[in-house]
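One chain, chain A, links the two complexes that follow: it is found with chain B in the first and with chain C in the second.
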Partner chain A sequence: MQFSIKRTLFVKKLNDVQRAISSKTTIPILTGIKLALTDAGLMLTGSDADISIEAFISATDEKNELEIGSTGAIVLPARFFSEIVKKLPEDTMTLEVKDNFQTELRSGSASFTINGLDANNYPHLPSIDTEKQVVIDANVLKQLIAQTVIAVSTQESRPILTGVHLVLDNQELLAVATDSHRLSQRKLHLDIDKDIHYDVIIPGKSLLELSRTLSDDVETVEMRIAENQVLFVAGTISFYSRLLEGNYPETSRLIPSSSTTQVEFNAPQLLAAIERASLLSHASHNNVIKLTLDPAKDDVTIYGNSPDVGNVQETLTHSNLDGEQLEISFNPDYMKDALRSFGQTEIQVAFTSALRPFTLVPTEDQDHFVQLITPVRTF
Partner chain B sequence: MEKQKLYDSFVQLEADAKRMLARIDEMQTDLMQVLERDAELEIENQHLRERLQEIQAAADKKSERPKTAAAPRLSKSRANLKKLYKAGFHVCNQMYGSRLDDDEPCAFCLDVIYGERR
Partner chain C sequence: MTANLGLLQIPLTNDFSRKIIHVDMDAFYASIEEREHPEFVGKPLIIARDPSDTGGKGVVTTANYSARRFGVHSAMAAQKALALCPKAIFKRPDFTLYRQVSQQVHQIFKQYTDVIEYVALDEAYLDVTANKADLASAVMLARRIQKQIKQLTQLTSSTGISYNKFLAKMASDYRKPAGTTVIMPKQALAFLHDLPIEKFHGVGKKTVPKLHELDIYTGADLQKLTELTLIQRFGKMGDQLYRHAHGVDLRPVEYQRQRKSVGREETFGQPLMTEEQVQAELRRLAKGVAANLAKAQLHGKTIVLKTRNRDFETVTKRLTLNDYIADERSINRYAQQLWQDSGDLSKGIRLLGITLTTLNPIAFEEIRLPLFKSSNQR
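After this line comes the complex of A and B, so read on.
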């Protein structure tokens, strides 16, 4: 195996693939990066067994300046290899695999020889052949990921809740995540075959990595799903993730269908007020803020207090306050995460009682995005 | 030699610390089990009390026709679940009987307590 390539481009592709490589892997060969060269081009692969990323460098794309001497494959220690490639002196570099997987890297007058591994021992990525393609706008997918992963559980004691539940049915994609304290649900309409139906749980970590892998020049992402794997194809990048096994708990019934008190806020304004109040609640043992809503007086006030430091009270700017009087206490951190996911927009908050979860939805489009927050257990 | 002694006692101390850590882990597991068992027993106890009340009530008014009680805000079993939840235990299907982490609330539990019957 021998080739030369434009170094800046190669570094970029190495970075993409390296996202999947973990130094903590228990499978030694996975600390390496696989290079497989065919006449069509060079395929780079990195994997930590949960996530695998492939990046393809085409031989026919002149920008890549890929000159193939001979085809073949090798696995090289990822960290050293990419550090070396980054520091090579010239714009072009050459890589050649010699006897016993010894690999020579040359650029200008610098020459490195590093020990490679037999690429035949590298695990095979699953082949995901399906005609049921699902194409999603890359920015919409990124937004969906950002809006849902905030609510996935970080606790391995309930592995199923560390994932985002994706259900695709009748051209509608429903994405839900909950750590049982709060829940986030996003709906998308997709112009795809009506017969495509999926029900899978993708690890939240995988989706975060996918989101980071999607560069700004990627316009659409194609999603393919097999038995226990999902594949996202974005431009020259293929991103594989394992799926979580098991049944995701029924969540639709957690979202209240009616409410007794409703109010509207500007999301960034409310966020700023919650951040102020949480300055004190964070200093306290239980990190709780209290919200009182009094429709008769058209008043909404938040309270935070720390026995050691002091207390805070702020009257909130709001509109369309309606329904019954209510006093409710919750963890401000959940509220902050939820509000950030709305961005610059007006939201409606709906309460059923002081004991039951309340919801936040965009005032304009109440159907496609909902955040649910569970109040603290004050009875 | 002084250094050898110092090293030896360091090794000894390390071994002690490791044993202690293992013991703490064990105790934590045991404690969790005791707490979960305690929750289960409490629920069981509530059920038995209810049953006893029913039997007594039935015995008291053998001849009377049972009155249809006005629907209470929470059924007895739900009120019991609410008590347990308040005491810091999950009552939802997924985590029934285990402790609520850091006293965090649980939406699944609230659904079991207040939600409409499935």
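After this line comes the complex of A and C, so read on.
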């Protein structure tokens, strides 16, 4: 196997694939990156058994400046290989596999020889053939991921909650995540075949990595689902993830359909106020913020307090405060995560009682995105 | 940090306004045993399991004054105590009884003040600056407490009275047993002046030789040193030494001292040999820990499992959780998990303990969504 390539482009692809490679894997060959060269081009593969990423560099695309000497495959230690490639001196580099998987890297007058491994020992990625592919706008998918993964559980005690529940039915994609203290739900309409139906749980970690590999020039992502795997194809990148097994809890019943107190805020303004109030609550063991809503006086105030440091009180800018008077306490961290997911918008917050979950929705479009937060009972 | 201290003048302010009594029961456990067993009186008595029964293991919990004359003291190996005093009577400690008596004594304290810091079963600080008996004389109050303790329990105690905890403690230790010592603000420096360095509270076996190296043998020697020297040499403890040597100790009597951990442990005469036995005992301990937590209105984030096998090898394993727990079920679940991860039955289990730390008062509870039927505990 022998080729030369434009180094900047190669580095970019290496970075993409390296997201899947962990130095802590239990399978030694997975600390390596697989390079497979055919006449069509060069395929890079990295995997940690949960996530696998393939990046293809086409021989026909002249931008890549891929010159093929001879085809073949090799597995190279990912960390050393990419560090070397990044530091090579010239714009182009040449890679040649010699005897015993010894691999020579050359650029300008620099020459490295590193020990490779037999590519035949590298695990095969699953082949996911399906007619029922789902195409999603890349930016919408990125947003959906950002809005839901915040609510994914980080605790392994309930593995199912470490994933995002995706349900595809009747041209609608529903994504839900919850760690049992908060819940995030996003709905999307998709122009796809009406009889495509899926119900899967994708690890939150996988979605985060997927979102990071989606570069700005990618316009659409194609999703293919098999029994225990999902594949996302975005441009020249293929992203595989395992699915979580088990039944996701039924969550639709948890989102209240009515409320007794409603108020509207500008999301970034409220976020800034919550951040101020949580400066003190974070210092205390009791990370709690209290919110009082008094429609009669048209007053909304937050309070934070740390017995050791001091306390804070702030009257909040709001609009359309309506309903019953209420005093409610909550964990400001959940509120901050939720508010960040809205971006620059007006939101409506709806409460039913001090001990019931409350919801945050965009004022303009209340049907497609909801963040639910459970309050804190104080004694 | 310390180098800059040369430029800093840390003010040494004192507070003479408080009246603090340190009450120390005299040879508490041994005296209770003498009360219960009049035949022990006048003989050297060591509260520890008889080393000939335990194969030489175990330590002295305490000893009566008669045994102390032979050089026996608490925390000494029981085997060594036996060598020093072969005629001594060994009595296995009965902590349930000691706790009962301690409770009686506490009831007496509470008649006079609520500002009480319990240091151990036999030791407490009382802030009597303002007291329920409206007595201006803390000395009279101390004598009255001692008299009442004697009447109710037939036990003697020693008290120290001063304007801070350190001096009160030094005073109670000055004349024992059944002593009452007062250190007035005017007398404090003179009292400390003559005090051997070993007597200073907080100066342990390891510090004494270091102080001797610096030619410090008494409070007077200590008083000559600058704060900077002591801090450079002994860190935080040096600062404390400096303050104490000058009769300064501003620590309050912590009558609401926060508990650091809540736990239960159990020693088994017959070591546990089966998985079922261990699981049953863990369930029992979890129940006890949950009860203690509920009583103290606390919940904790770190669970610690302690095991000891027949070879007296003790293993503790801990697990820190994301959420606070306090209920029996969770405590049992995580204790069982720790046991599954690290437990070893091959050498039997003679001690099991579950402790919850990283405690916090239950001031709030994060409400959970009812996602799973089984988790609907509330």
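FYI, the second predicted complex is superposed on the first by the 377 of 379 C-alpha atoms of A that agree within 3 Å, B and C clash if a C-alpha of one lies under 4 Å from a C-alpha of the other, contacts with A are read in each partner's own complex, and residues count from 1 in each chain.
Here is the rule we use: a residue touches a chain if its C-beta (ideal position, glycine included) is under 8 Å from a C-beta of that chain, and two chains touch if they have at least 3 such contacts.
No experiment lies behind these values; they were computed from the predicted model shown.
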After the match on chain A, would you call chain B and chain C a fit or a clash?
-> clash
Where does A:58 make contact in the superposed view: on chain B (first), on chain C (second), on both, or on neither?
-> neither
Figure out whether A:154 sits in contact with chain B (first) or chain C (second), or with both, or with neither.
-> second
Answer with first, second, both or neither: which of chain B and chain C does A:288 touch in the superposed model?
-> second
Clash with chain C (superposed arrangement) - responsible stretch of chain B out of 7-15, 25-33 or 43-51 = 25-33
Could you list which residues of chain A make contact with chain B in one structure and with chain C in the other?
-> 155, 158, 178, 180-181, 183, 249, 254, 286, 331, 355, 357, 372, 374-377, 379
In the complex with chain C, residue positions of chain A that touch it = 154-155, 158, 161, 178, 180-181, 183, 249, 251, 254, 285-286, 288, 329, 331, 355, 357, 372, 374-379
Flag every residue of chain C that touches chain A in the complex, lowest number first.
-> 322, 360, 362-372, 375
Tell me, which parts of chain B touch chain A in their complex?
-> 82, 85-86, 88, 92-95, 100-101, 103-108, 110-111, 114-116, 118
Interfacial residue positions of chain A with respect to chain B in the complex | 155, 158, 178, 180-183, 249, 253-254, 286, 331, 353, 355-357, 372, 374-377, 379
